[in-house]
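Okay, handing you the structure first.
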Amino acid sequence: MYFDTVGDFLSMGGHGPYVWFCYGVSALVLSILVGVARSRRKQAEQQIRAIVRRKKASSSSTTQH
Amino acid sequence: MSVRRQAGVVLANTGLEVKRLYSDRDDRVLFADLCFQLDAGQLVQIAGPNGSGKTSLLRILAGLSSRYEGEVLWQGKSLLKQRHEYLQQLLYIGHGAGIKAVLSPLENLRWSCALRGLNNNDDKILSALEKVGLSGFEEQACHSLSAGQQRRVNLARLFCIPASLWVLDEPFTAIDQRGVTEIERWLSEFVSEGGAVLLTTHHRLSFAHEFKIVTLGEAANV
Amino acid sequence: MSVRRQAGVVLANTGLEVKRLYSDRDDRVLFADLCFQLDAGQLVQIAGPNGSGKTSLLRILAGLSSRYEGEVLWQGKSLLKQRHEYLQQLLYIGHGAGIKAVLSPLENLRWSCALRGLNNNDDKILSALEKVGLSGFEEQACHSLSAGQQRRVNLARLFCIPASLWVLDEPFTAIDQRGVTEIERWLSEFVSEGGAVLLTTHHRLSFAHEFKIVTLGEAANV
Amino acid sequence: MSISSTFHKWGSPRWFYQFSGKLLPWLAGLSLLLLVGGVIWGLAFVPADYKQGNSFRIIYIHVPASAVAMGAYMTMAIAGAIHLIWRMKLAAMVMKAIAPIGASLTFLALLTGAVWGKPTWGTWWVWDARITSVLILFFLYLGIIALHQAFENRDAAAKACAVLAIVGAVNIPIIYWSVEWWYSLHQPASISFTGQSTIHPTMLRPLMATLSGMYLFFTWVLLLFVRVEILDRERNTRWVQDQICGESR
Amino acid sequence: MSDSGLAKLVVAVLRRDVMASLRRGSEWSNPLVFFVMVCALFPLGIGPQPDRLAELAPGILWVVALLASLLATDSLFRGDFDDATLEQMLLSHQPLYPQVLAKTLAHWLMTGLPLSILSPVLGVLLQLPAKGMLALMVSLLLGTTVLSFIGAIGAALTVGLRKGGLLLSLIVLPLYIPVLIFGSSAVKSAVEGGEYFPQLAMLGVFYLVALALSPLAICGALRISVDQ
Amino acid sequence: MSDSGLAKLVVAVLRRDVMASLRRGSEWSNPLVFFVMVCALFPLGIGPQPDRLAELAPGILWVVALLASLLATDSLFRGDFDDATLEQMLLSHQPLYPQVLAKTLAHWLMTGLPLSILSPVLGVLLQLPAKGMLALMVSLLLGTTVLSFIGAIGAALTVGLRKGGLLLSLIVLPLYIPVLIFGSSAVKSAVEGGEYFPQLAMLGVFYLVALALSPLAICGALRISVDQ
């Protein structure tokens, strides 16, 4: 550890706000990227499940007739 | 139903009268001395070959064009003096698309209704869209509809907006055969309820009632 | 006359064949397993209600759209492999205006001809314009023509550009009754000279020869 | 009628989907390890720069973001070319997926750079050659994204974006070099960006970690996006439906 | 016609226009992107020296905002004219004034407003000193509204013509000039630490006058344009 | 296809486009008026000091010329797309390359050329020293052609979209930048009495590359745009 105290570490000799802001935003943006990919995947899965359900429903109804 | 009733009240003395109307384009006379009358419960078809001035006439009668001489009377008084009352009774469907391509049929008709002071009547709009065969397309952007479907969105206004006079410029354009028959039936219904219709078309109308044909162009000069 | 002769030479083995064609829009199937053949000296009408995919089909066959699966053959070979030869034989008239509104009919057609490698054929253009009933309007800007007249300018291309296959999307739109009869006569002449015509229309064609009707949409599924 | 698609031998989305599935956990683990580890190392353990003090620690995110943002554009353009020439669908999906990732990284490069500029140069923004070209790169990305969104037809969108990406790629060297030339022409008064601050090796090692971490992260997220795209496009096929509904069972 | 009826009309028109331009996307982001890009072009044309840029920033920002607003103006009634929905507006028995007011406001919401909100960021790019930012935003908020209303008059006059664009700039730019002068001078004063309230007050007066009177001119112009 | 056939095709397309835009009027006068007006606005926004204006003139003139060219670009294929004559071009069995080349050149003839010719007048308005005039004209002549060709790519890509305008600026402006840099720097060098041939030579290289390659991209883009 280069810094002596946690306070030093956070303030970074006055440059803390700049540094932490950068890393904060970066973490945010990168996790948003992953999050968007995840949520889009969930959406796609849901749609595919719906398609399969619709297909099953229609095929079973036609076999009944 | 309230629409028809409301229209009915005014219909009693509906009457569009055209007196000695004259109009020209680039020194070519389109029509001169044109006289005819359209009463409640009547249909008048404006006929004539291409370029004979049908569209020009309809735009004059709708109050969109002032390139004419002569008189247009509505309920016995000049159109110009009672524009507001006249517009309340008029429904004009022109050549143009009449719809915003990026909006859906539903949104388009909502706006059209709002322009006529009708708000919150989605039910009526939806039933109108169903009537013109667009159920299922209510929320799709209009630019992704076929030519005939777009025309149908415009025609759906006939059923959401109360009026006692319909002025229609080639309403059958791009409409399929079954659609044409249906529209003819609607016109017929409207007329028998006391509405007045003025339309141009190159189709041979098969219309239940009797109707007048006013012919422009060469045929008229003969 | 050289046109017809030139066309005649190639016509011998003209033939458009559609094999198991499939196309959809927004997950809605427009047509599937569509098969038909159009030979020289034949006319095929694509019928179907609004929104059934007629325009989409015509655009595919003209090579403007690649939203399809299946095969389109021209003289036995795939369209994609002989686009150049095919285009030499094709004349497509679509929904759109097909003319520049600020230019006159004459200028418009001059350009259309130049695109097909035909230069200095004003005589032919003028006679074509006369044929479609626009003599006297040759030099007037197209935007000051009526709806039907504009359509006629576009149709005049049929007579200035040699081709052995006409693909026409609702050619009768906005055309008056006499005009419709005339166009039907032209189609008839073209077909009897060995041309092939593919068209959509909502009119009931009264056509001298026999012709095939391919129906899309609900009617086809029944 | 079933939707038949002719797949390229080695561009088969199905093969790619299954292959990338195996790669995912490794990529995710390694990239996060390198990124997080490198950042902690850089933030907490590396000594401060003698000139800039602690603000230099921004470098561990700034440089990886900038470098990967640049590389991503070229990857995108190459994917576009492959799509146009060999009509490979997978390439189109890769291209579409890269655009938002690249734009995000470019945005990070701009933002971290601007924030770093405030303590070092005393201003958020200068019209330095490299900075200007990154800004232009950002616009190029935005252009591709906007163009893709504007099309309703997926195939047309992919082709159009491919054309634009290639045109852009041809232009990037020209842009970069002309901006450089423009900047040196003006000999700006105060600030020089490409200063010869020879980085100390102790500072360099964590940088290498975050840099490689960022490349891996990019690949990981790219795969995630492409896989979603594959599912979306092939949702009417048997194998996708089996894949998804099979998993849940 | 009752007041609530009018209010509903205004809301309906506003909603439709905003929706259409959001759907289309270009209408609101277009002027914005243009604004950003052009502000970025200037340093490239003029040179990167910060002090010189700072000096020019108020002028450049205002001229570019004006151009962005001008460019957006052409589309104000053009779409409605082309698809014949303008005819419907004229053939409604409801008064045209509120419809036109709503349309113009919708247009401003989609062009002037985002531009004003974004302007501080561009201020930073062009090295505008921090003390000028407030004046920049407020003057743009007021000024772009006035520009929208003036532009709407020109758009209404030219919408029926095949030779739109040119005429529009010719008609509209001279009327824009007072707004430009007061707007940029407000920002300049603010940067120099001077009083900038008088200029803003002047813009406020323009604002009220434009809001009240220009719809009248627009209505008349639209009627003329359709009747040709 | 014989060479003379191609030449005739090029001439026919050129003639038709030039005629149409002369007839329409706006297409050629629009960018010109814009150029003049905006150059006139700048002194109002920035302040009238002659020496400062002179210093900025090359940059301003070039940025505004670029904007004028950008604005005109949107209409390059839009009209043909809307009235379905673009389909005719694609369905001609003649090669598309010369048609596209001719169309773009016609567009330049109607926008870039008059603007370049008029530029010295504006140079005078903006106090540009006389020794910069030649460089201004020549650099604009070369540069606006390149801009037209780059712009045509963007126009072709976006012509089928309902979201035209914005996208076009977004796509095209970044690609314009090298031209802007070399163009304005040529004028600046000339004003400072320096050598400006290298910059012009560079523009010449851009010119040749654009002339040869961009029609390829344009043809491809047009096919994509029509096929949706």
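Per-chain residue numbering starts at 1, and chain names A, B, C, D, E and F are given in the order in which the chains are listed.
The working rule: contacts are C-beta pairs under 8 Å (C-beta built on N, C-alpha and C of every residue); 3 or more make two chains touch, one makes a residue touch a chain.
Note that this is a predicted model, so its numbers are computed, not measured.
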Original post:
Is the number of contacting C-beta pairs greater for D-E or for C-F?
Top reply: C-F
Original post:
Rounded to the nearest 5 degrees, what is the angle of the rotation relating the C-alpha atoms of chain B to those of chain C?
Top reply: 180
Subject >> Distance between the centres, which are taken as Cα means, of chain F and chain D, whole angstrom >> reply: 32
Original post:
Between chain A and chain E, what's the gap in Å when you average each chain's C-alpha atoms?
Top reply: 39
Original post:
Roughly how many whole angstrom separate the Cα centroids of chain B and chain E?
Top reply: 37
**OP:** Please report how many Å separate the Cα centroid of chain A from that of chain F, as a whole number.
**Re:** 44
Original post:
Among the residues of chain B, which ones contact at least 2 other chains?
Top reply: 95, 101-102, 144
Subject >> Shared-contact residues (touching 2 or more other chains) in chain D >> reply: 139, 142, 146, 150, 152-153, 179, 182
**OP:** Hunt down the residues of chain E that sit against at least two other chains at once, touch-wise.
**Re:** 24-25, 29, 33, 37, 44, 47, 162
Original post:
Which residues, counting only chain D, touch chain A once they are in their complex?
Top reply: 39, 43-48, 53-55, 57-58, 61-62, 65, 100-101, 104, 107-108, 111-112, 115-116, 118-119, 217, 221, 224-225, 227-228, 231-232, 235-236, 240-241, 244-245, 248
Original post:
Which part of chain D faces chain F closely enough to touch in the complex?
Top reply: 84, 136, 139-140, 142-143, 146-147, 150-153, 156, 159-160, 163-164, 166-168, 171, 174-175, 178-179, 181-182, 185
**OP:** Write out the stretch or stretches of chain D touching chain E in their complex.
**Re:** 123-128, 132, 135, 139, 142, 146, 149-150, 179, 182-183, 186, 188-190
**OP:** Could you pull out which chain F residues touch chain C in their complex?
**Re:** 1, 5, 8-9, 12-13, 16, 19-20, 23-24, 79-80, 82-85, 87-94, 99, 226-228
Original post:
Residues of chain A touching chain D in their complex?
Top reply: 1-3, 9, 12-16, 18-19, 21-23, 25-26, 29-30, 32-34, 36-38, 40-41, 44-45, 47-49, 51-52
